[in-house]
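Notes to accompany the following structure.
For reference, chains read A, B, C and D in written order, and residue numbers begin at 1 within each chain.
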Amino acid sequence: MAELHGLQLDDRIAAELPDWEAIVAHLRTRRPVAEVLRQAAAGGRPLVQPRCGVGGHREMVELLRALEPAGPGVLSVTIDSHTRLRHFDTAAELLARNPADLNGYPLVAHGWQRGRELAAAVDVPLEVRHGSPDGRELFAVALAAGLTSYEGGGIGYNLPYSKNVPLGHSLRAWQQVDAVCGVLAAEGVLIDRELFGTLTAVLVPPSVSLAVTVLEAVAAAREGVRCLSIAYPQGGEIHQDVAALRAVRTLAARYLDPGIEVHPVLHEFMGVFPRTRSYADLLILHGGLLARLGGATKVISKTHQEAYGIPDAEANADGIRTAALGACELLDFVRIDEDRVSEEQHWIEREVAELVDPVLNEPALLPAIEAAFAAGRLDIPFSASVHAHSRVVPRRDACGAIRYAGVGALPFSAAVLRRHADLLAPAPGARERSPFEAATADIRYFLDNEDRFHSSTPHRTRSEPPQRF
Amino acid sequence: MAELHGLQLDDRIAAELPDWEAIVAHLRTRRPVAEVLRQAAAGGRPLVQPRCGVGGHREMVELLRALEPAGPGVLSVTIDSHTRLRHFDTAAELLARNPADLNGYPLVAHGWQRGRELAAAVDVPLEVRHGSPDGRELFAVALAAGLTSYEGGGIGYNLPYSKNVPLGHSLRAWQQVDAVCGVLAAEGVLIDRELFGTLTAVLVPPSVSLAVTVLEAVAAAREGVRCLSIAYPQGGEIHQDVAALRAVRTLAARYLDPGIEVHPVLHEFMGVFPRTRSYADLLILHGGLLARLGGATKVISKTHQEAYGIPDAEANADGIRTAALGACELLDFVRIDEDRVSEEQHWIEREVAELVDPVLNEPALLPAIEAAFAAGRLDIPFSASVHAHSRVVPRRDACGAIRYAGVGALPFSAAVLRRHADLLAPAPGARERSPFEAATADIRYFLDNEDRFHSSTPHRTRSEPPQRF
Amino acid sequence: MNTPAGPADRLVILGVAESDAHAVANQLITMQLQSHGFTVLNLGVCTPLSDFADAHDRHPHAEAVLIGSLNGHAHQDLRTLPELRAAGRLRCPVIVGGNLSVGSRKAGTDRQRLLDLGVDHLLADAGGLVLLLDMLHAARAAELQHG
Amino acid sequence: MNTPAGPADRLVILGVAESDAHAVANQLITMQLQSHGFTVLNLGVCTPLSDFADAHDRHPHAEAVLIGSLNGHAHQDLRTLPELRAAGRLRCPVIVGGNLSVGSRKAGTDRQRLLDLGVDHLLADAGGLVLLLDMLHAARAAELQHG
């Protein structure tokens, strides 16, 4: 293990990096993502950022250049799965053999010099998006490449992204990353740290998402992080989603030092996506509109190829434009039932408090988080990891909003439990569904909406199942 | 001149037609458009109808079949310009020489038998859309073909569509058409008559559009017409447009027998259309949303190729879907500033009353209409015809709503005039624009919005001028 | 030296093709040319080519005949141009502008067949119109001077 | 006659490929198979192929090994199948399902190269899974009977 300013790194990777002063000097020459976010926040319209990453370097440069004219505010370097899991050798091997087989850009295998080439290829600044339970090496390479925004956190990049990395390990790995950002911030170099509240992306109740990001944000702030992007995944019911996005700001005001910049980020719908271009485009546009109504600084766009596979550049550029259109002037007239939003926001904030306050009241934050997940007092649905109980059972109510049908050991008050039970009370005479049927229907929500749309007139064609191989 | 039940027709064309009883018998076998409209009105979501017409018969059948799966509620037989102007021979000649050179389907040249083939080719019923100052022959052929919906009126299909057809002539031609519909209605065969409030389509003040259709509606009702679709062209400012659509119903209640079915119809934006697919699609979607908010029974869709030329089938199908998406469930949450809408609606209704009441108070309606246009007490902007003064000067206000910068001899009250003057008062210190500059900017409104959208982020590409030859 | 005619004397004949009722561009172009000092004889929409020829017969000093066509029927509506020209009429520059064929994807042949009819200039946009008229005017002045 | 084993005895081994963390389908399929009476040994996400082989060694009567792959890395993640099979392991039907290559337009070759590795069945959707398992089961029963 080598060390880069407190960051413990694999020796081989550390050996390739420039020294700390050179890294900082180069970072100072870059336009920080934090500045772009601040501008967007001031302008009142969310900036749009796509996910994008392909294996080959030349292909990645071309991809970024192809997307820039669509007007993203930030571009992504989305990392492949092998690199995320620290299988750097597999990534390097596949890169040598068949780069098109990689589902992202293996930045560690390419090395920081190529990272700088990516950053130089476009005017728009870049963020590294990945899903590494332990993202230290990747972070070091990204820093050396001059990238000023880095996604991830010890909970959100562990539980959805790996099977058996102990939370204690990931939380401490990310603590080191945050501490480096703290050092840099103190030197005047601002790194935007985005927290992945999206989690397993499918039917995540807003308070689960927000509880996780609040805890990660508090942890990051304690290490000196000064710019935080807090991401929430669109669930599909707009009043709930607007409320959740707005709650990001109120929760930040409650739990964080006011000197920290906080940017709510919307991840456009991350579940099973519509299959027809027209309905997919509507959902993408709808996400842009939601982002504006919810006061997000940034929206991560989807594409009409989402159901099929990693999108090509054209579809991705279209997605950026479509999301931006949802947030554009022509729809500024749109009002929403504010009473309903306030009601949702009130309960979301209350639920988050019930989840995080006991943890924050413990003397040591990271062990308290670990213990809470071990006891199921914190939990996420559909966990990939064995380190969350996954006893939370999310269910859509009649309006499509995501409620708790089961809370496992989450320490919710009776009032909260009663509200969810009431909201999920079956319509009188409704047929009982098995848990499997109910989960399937809730997951396929937009697919069913899409089918209903396409078959609402007698002759309209329905969507076809995606061709996947 | 031959006669078909009161309809005076060119001998050659009349000679080809089946006799009246055979026409009526066939009409009885068709599903009337009126029924489809009634269903849509009850369902609360506008049905979508495209414009569509190509010269060749086989091509037209294929076009209708290609559009049906996109889910239109009604399909169009859009007629070519020669036929509209009763240049039946030119249409027939061009049909023989090069059908692709026709900008619509020359139904008279093809004949009623082929019209029946069109109707049989699809399950969705058909409407004839044209723009004939004198549409009697075309109507007779359409009836014989079994088509149950026919667009046009003595004002709206004259002033925008020809140079020098006296209003007296067109009003009486359409009176005959309406009278035949009245006879049919009395026999239980309902023909939907759509009135073209769209007029010259560019910057038409709502009260001009509605005044014309109210007068045409009253004239039609007096002849016995029982199903009226009243079309209004989207101007681009949503509160004004919603108000105008809703005013269709209140005005109908005020001026028409309650036994007459009235359907508000929205024509999606008919002016200079955006050039990029993404912004064009947004405007098409926006029109669908507007139609639902305004309570339209039907929306006539546009396509992303509008700026370029008559759309191909694929673009047209996409336009149908996109308009329908704007009116679909996923956007049912959208609220609008209802106070602003009510305020607009109040003034629109008042203006319409100020325009039509003096005319309706005259003893004979058609001569009164003629006299009012001759005196400029009724008028339209950008008239194609010498029989309107075209002294109405429309101008967009700061919000984009269409106001009167000049009213010519329209008999507006001082209150109305003052309101428009106030709304158009230039911002203090604003540079004065020439009438040409102002008109150009107002006409290019969505083009400018589009450019602003595309250049709102530094690297986004702007729209290119359309390639037109 | 022959002084070119001052703008006040510059007359153009404007109108829209026979089957075409699109009036807006026609009225805007009138305003635009007038603001540049032209006298515009506007024949309006739905004007047969023979009416343009008649107008030119009445105003032989008109600099150009400007015909708008938006509905896609330009070729059919201008088909008698060769005949009229053969009869010695419309012997001034004929400038055609607008949207000159049916459909949203234009072929080069659409352009060519209009030129083949004898149309002198094709413009997609009215923006370049004054410039074109000025150039034609200057060229004629030069011709008169040297010719 | 050999009675086929009742559903209660039917065991399948399920998991997600090595580089892949997509958990939702995995958990739904578990529910689905359990509701059809299967016993599911779920190895969860990010499971190397050797772990599937180890599990099969421990449970040789498992009817099939079901591997999900959604992230596009199916081929790389299953590359050691020929080796393992050569070593006499994983000698049961291997069924792979999900989204089996990178990109939104799939080539026929993506499918073929998985079959070339020795994958027995490819499914895009879990809908047909029980049917497939039943067919394999019936075929094996028939084999035992006649063989």
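Simple rule for what comes next: contacts are C-beta pairs under 8 Å (C-beta built on N, C-alpha and C of every residue); 3 or more make two chains touch, one makes a residue touch a chain.
Every value quoted in this text rests on a predicted model; they were computed, and no experiment measured them.
The fewest steps needed to get from chain C to chain D, moving only between touching chains, is 3. The distance from the centre of chain A to the centre of chain C, each centre being the mean of the chain's C-alpha atoms, comes to 60 Å. As a whole-number value, the distance joining the C-alpha centres of chain B and chain C reads 31 Å.
Chain geometry summary: the mean Cα position of chain A and that of chain B are 47 Å apart.
In chain B, no residue touches two or more other chains. Residue positions of chain D touching 2 or more other chains: none. Contact between chains, as defined at the top, is found for A-B, A-D, B-C.
Across the complex, chain A is touched by residues 45, 47, 68-73, 122-124, 238-239, 278-279, 281-283, 285-286, 318, 321-322, 324-325, 328-331, 333-337, 449, 452-454, 456-461 of chain B. The residues of chain D lying in touch with chain A in their complex are 19-24, 27-28, 31-32, 35, 44-47, 71-73, 75-76, 98-106, 110-111, 114, 122, 124-125.
Touching chain C in their complex are the following residues of chain B: 81-82, 85, 87, 90, 94, 100-103, 131, 160-164, 200, 202, 305, 308-312, 315, 382-384, 386, 390, 434-436, 439-440, 443, 465-469.
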